[in-house]
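I've put the structures underneath this note.
One chain, subunit A, appears in both complexes that follow, with subunit B as partner in the first and subunit C in the second.
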Partner chain A sequence: MKAVQLKDIRKSYGQNPEVLKGINAAIEPGEFFVLVGPSGCGKSTMLRIIAGLEEVSEGELIIGSETANRLRPNERDLSMVFQNYALFPHLTVEQNIMFGLHVKKIAKSEQIKRCKEAAEMLGISDYLMRKPKELSGGQRQRVALARAIVTHAPICLMDEPLSNLDAKLRARMRSEIRQIQRKLGITMIYVTHDQTEAMTMADRMMILNHGEVQQVGKPLDIYNNPQNTFVASFIGSPPMNLTAAHVNKGKLQIANKWNIKVDGYQDGEVIIGVRPEAILPANEGLPAADVKVANVEVLGTETLVSFELEGNKQWIAKWPGQWSAEIGEILQVSVDHNKIELFDAVTGERLEKTHSKKVLEVVL
Partner chain B sequence: MSWGQKLFTYALLLIAAAIMFFPIIYAFLISFMQGGEVLQGNLWPEEFTLANYINAFEKVPLLTYLFNSLIVSFLIMLGQVIFSSLAAFAFVFIPFKGRNVLFFIFISTMMIPWEATMVPNFQTVQMLGWLNSYTGLTVPFFAMAFGTFLLRQQFKTIPKELYEASQVAGISNFRFFRSVVMPVSKTSLVTLGMYCFLTAWNMYLWPLLVTNDEQVRTVQIGLKQMQSQEISTEWGVVMAGVVMVILPTLLLLFLGQKRLQEGLTKGALK
Partner chain C sequence: MSLPQAQQETQSFVKQRWLGNSRRFASLLEGLLYLLPSILLFTVFLFYPLMKTLYLSFFYSDAQGVPLSFAGFDHFVQLFSSSSFMTSMKATLLFVLYTVPPGIILALALALLANEKLRGIGFFRTIFSSTMGMSVAASSVIWMFMYNPAIGIANRFLTWAGLSEIQWLLDPGWALISVSIATIWMNTGFTFMILLGGLQNIDSQLYESAKIAGVSRFYSLRKITLPMLSPTLFFVITVSMINAFQTFGQIDILTKGGPMETTNVIVYAIYKDAFINYNVGSASAQAVLLFFGILIVTLIQFKLGERKVHYQ
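After this line comes the complex of A and B, so read on.
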């Protein structure tokens, strides 16, 4: 199993502005590393650079212990799964899986053995003689995975492999891919735009936007401590509620509804972020504010309540269980003070308190 | 469709077909007529006779000509398919500076009529000493912009990911060309092959220029010979020759069509 290191990787096409603006990361051997970001953020370009399908404009790419900037794709000892599977339409599933093994000078009997193993692992043994067009989307996806597995490459790259599948199958493949990766212990670099995939699969993830790293870390650390407003709004579903507010003499004023006493932040404009699950229905302990319900989505196990905060600005609250609320009804809600995040109003960067202990007190 | 509509459609199709096919059918009928019947304006031979066919084979070395045409057409077809597909592969899969410019220059040669380049071509072939040889008859037609254009369009429909997957697997360019691009593009290759073969088969001016030896002359020249020099008024013999010339073409079309349909129904891509 090999590590991959990215050192200040930059990429630009001709005179155009840079697509990647200095990416730094160290991917550990055997790690499931997810590159996530909105479309056009450069995540696929990053993956293609690692694969050797695109050249690095500046910076250093290290695979294992050697610099790989100038290596051809097949010299990098990796396998790749493409978004549209890239199966050869004129070959059978078996030929597809074994395609390219002969280049690695693997004996025919070994090729067949590996093909059988991989097919069994993915449950496609019955389809080996079929052509790709006779398979369903999920089966094609498995063939593509099998083709990556049989190479026994220590690094596997995946470019949005699940985006062509329906939601149910996607959820199943997510766990299957994760299990296979654990079983084989390969280093996996996985690109997706879907934050759920990133959250559920990653050992660690990197969030990219406009070709810049926003944050790298474990999914839960990122969820709980987003580095900036972009990460805060991108990770989590529904996204974190963000609203401009200001700190005035130790008081945080939100939309003329809440006045929260804060300690350790300097006076000035800020953006506050509140996760939907940190907004609670008013109960005894916490002071509440009146809000008007704009929409209610009951999902069975939980209920999403949108309410108007000020003007057109809406917040979403996520409450466990099934809640019935009329549109236009006035509800009383509170905010879990310990879960409020503050961001700089200009840069969007997370604000750290000057004191270490967070003291928030609500004054209504 | 109601019966009336069906009847009308088929009647119309039959009439149109009859008009389209008339020259060929009439030529076929004339080939069975005796001496003066054509000049009398008969549409149907009074008696079917094979004399014209025997005559045609006796008067000019038709078999040699047919054989030559077959060889020349086959070589041109092979050459064009090979060169065009290789060129198209480079234009689609191998990135290099000025690729598009080069392609447009390449394509613009389609606007130059072939006749315009005939004289320099003839001089080249003469200097190389290729007159009266299969090489002289075939080589000038190997590189054709049309074939390259047709195949480039086809190759462009092959997902780029297939090429990238091959690169990651370490498959060489040529092997990718041979074992992925060619099989996937079978239908287009057959179409181009047939088109090349028929065009080459119908060539007249160039073979006339570069050959004067009966041993390498093609069948179209043979026909002209029949008509003008030796048996000017015996239309029956000329038509018998024409039918003999058409037959291989028709045969090829039928065979090719079957392959073509096969290729289409098998569907290389989803």
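After this line comes the complex of A and C, so read on.
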């Protein structure tokens, strides 16, 4: 198993502005590392650079212990699963899985053995003689995975491998891929735009936006302590509620509704972030504010309540259980003041509390 | 069930059937109406001439092509015993052999080159496909000048390279080859364009996957490019073959079927028989034979192609 290190990686195409603006990361051996971000953020470029399909403009890429900037893709000892699977339509599943193994000087009998193993692991043993067009999307996905597995490469790269599958299958493949990675112990670098995939699969993840690293860390750390408003709004579903607010003499004013006592923050404009689950119905002993219900989505185990805060600005609250609120009804809600995040109004960066354990206290 | 009731039901059943039939008939008419423009054009320019040719091939006719008396298979029998027709057949087959495989290999090589992502490759793509924009007549005249024994560049090039001059279009051993070279040049643009289009349709991720696997370029050409290009190649081969069988323009301008009938390909022979010798019956018989010849070759191709062509 190999580590991958990125040192100030930059990428630009000709005179155009940089696609990657100095990426630093150290991916541990055997780690499941997810690159996540909106489309056009540079995550696929990042992966293609690691694969050697794109050249690095500046910076250093280290695979294992050697600099890999100038290595050809096949010299990097890795496998890759492409978004559209890149299966050869004219070859059978078996030929697809064994494609290119002869280059690695693997004996034919060993090739067949590995192919059988991989096919068994992925449950596609019955389809080995079929052509890709005779397979369903999920089966093709498995063939692509098998092709990555048979190489026994210590690093596996995946470029949005699940985006062509339906939601149900995607959830199943998520857990399957994770299990295979654990079983084989390979270093996995996985690109996705889906934050749920990132949250559920990653040991650690990197959030990219406009070619810049927004935050690197364990999924829960990122969820609980987003570094800026982008991360806050990108990670979590429904996203964190963000609203401009004002700190004035130790009081946080939100939308003329709430006045929250804050310590340790300077006076001025801020952005306040509240997770949907940190907004509570007002029967828990906390002071409450009146809000008008705009929409209700009952999901069975939980209920999403959208309400108007001021003007068109809506917040979403997520409550466990099934709630039957009427549209237009006035509800009393309060905020779990331990779970409020403050961000700089200009830079969007997280504001750290400077002192005091109990900082926020809701006063109405 | 009372009798009147049963009668009524039968009536309504008959009525329904009638309605169903008439509706089907109406939709057939509607479909035919949509096809009408094509049917008209094909009838006037294709089906009618085809039938007329077939008809004429069984008759002796006068110089104006008016059938005089029924000939049966006389024309066909005469053709197969005529050495001139055999020469013509040989010239045609050789011409197909000289132009189709080399032409496609050249165009494929150019397309593979032009498919590389290099700076300024658009210039080469334009150049390589440019012969498509030139008429057969204009290209033939250019080649006629190049083949000119006195002032042509072809001979000058040979003397510059230290070789002896060739009577390109006058030497019976060279005439067909010379015309073939010119034809290959004329067809390259079209073949190149189609093949380049086919190459660009191949998913680049397949090549990336091969790169990561580390296979050689030749291996990916053989195992990825050619199989993925097979439908396009098949199309190009079929069209080129049919075109080669039907070549006329360059022969008419460059050699007029000479020297010693070595370039007298079948369409040119038909033309000469019909419009110079006024032997419409024999010309029609040759046209019919050409038609069936091309049909058979194309059918064989489809039969062979089925096994080798991978449609996605």
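Definition applied: the second predicted complex is superposed on the first by the 361 of 364 C-alpha atoms of A that agree within 3 Å, B and C clash if a C-alpha of one lies under 4 Å from a C-alpha of the other, contacts with A are read in each partner's own complex, and residues count from 1 in each chain.
Please note the rule applied: contacts are C-beta pairs under 8 Å (C-beta built on N, C-alpha and C of every residue); 3 or more make two chains touch, one makes a residue touch a chain.
Owing to the predicted nature of the structure, the values given are computational and were not obtained by experimental measurement.
Participant: Answer with clash or fit: subunit B and subunit C placed together on subunit A by superposition.
Facilitator: By the criteria stated at the top, subunit C and subunit B clash after superposition.
Participant: Pick one for A:N84: touches subunit B only (first), subunit C only (second), both, or neither.
Facilitator: A:N84 contacts both subunit B and subunit C.
Participant: Determine, under the contact definition given at the top, whether A:N74 touches first (subunit B), second (subunit C), both, or neither.
Facilitator: both
Participant: Of the two partner chains, subunit B (first) and subunit C (second), which one does A:F99 touch, if any: first, second, both, or neither?
Facilitator: both
Participant: Just subunit B (first), just subunit C (second), both, or neither: which does A:S334 touch?
Facilitator: neither
Participant: Determine where on subunit A the residues touched by subunit B overlap those touched by subunit C, and list them.
Facilitator: In the superposed arrangement, which is not itself an observed complex, subunit A uses residues 51-53, 72-75, 78-80, 82-84, 86, 88-90, 99-100, 103-104, 133, 147, 151 for both subunit B and subunit C.
Participant: State the interface residues of subunit C toward subunit A in the complex, per the touch definition above.
Facilitator: Subunit C residues touching subunit A: 203, 205-206, 208-216, 223-224, 227-228, 230, 310, 312.
Participant: What part of subunit A is in contact with subunit C in the complex they form?
Facilitator: Result: residues 51-53, 72-75, 78-80, 82-84, 86, 88-91, 99-101, 103-104, 133, 147, 151 of subunit A touch subunit C.
Participant: Can you name the residues of subunit B that touch subunit A in the complex?
Facilitator: 159, 161-162, 164-171, 180, 183-184, 267-270
Participant: Of all residues in subunit A, which touch subunit B in the complex?
Facilitator: Of all residues in subunit A, those touching subunit B are 51-53, 72-75, 78-80, 82-86, 88-90, 99-100, 103-104, 132-133, 147, 151.
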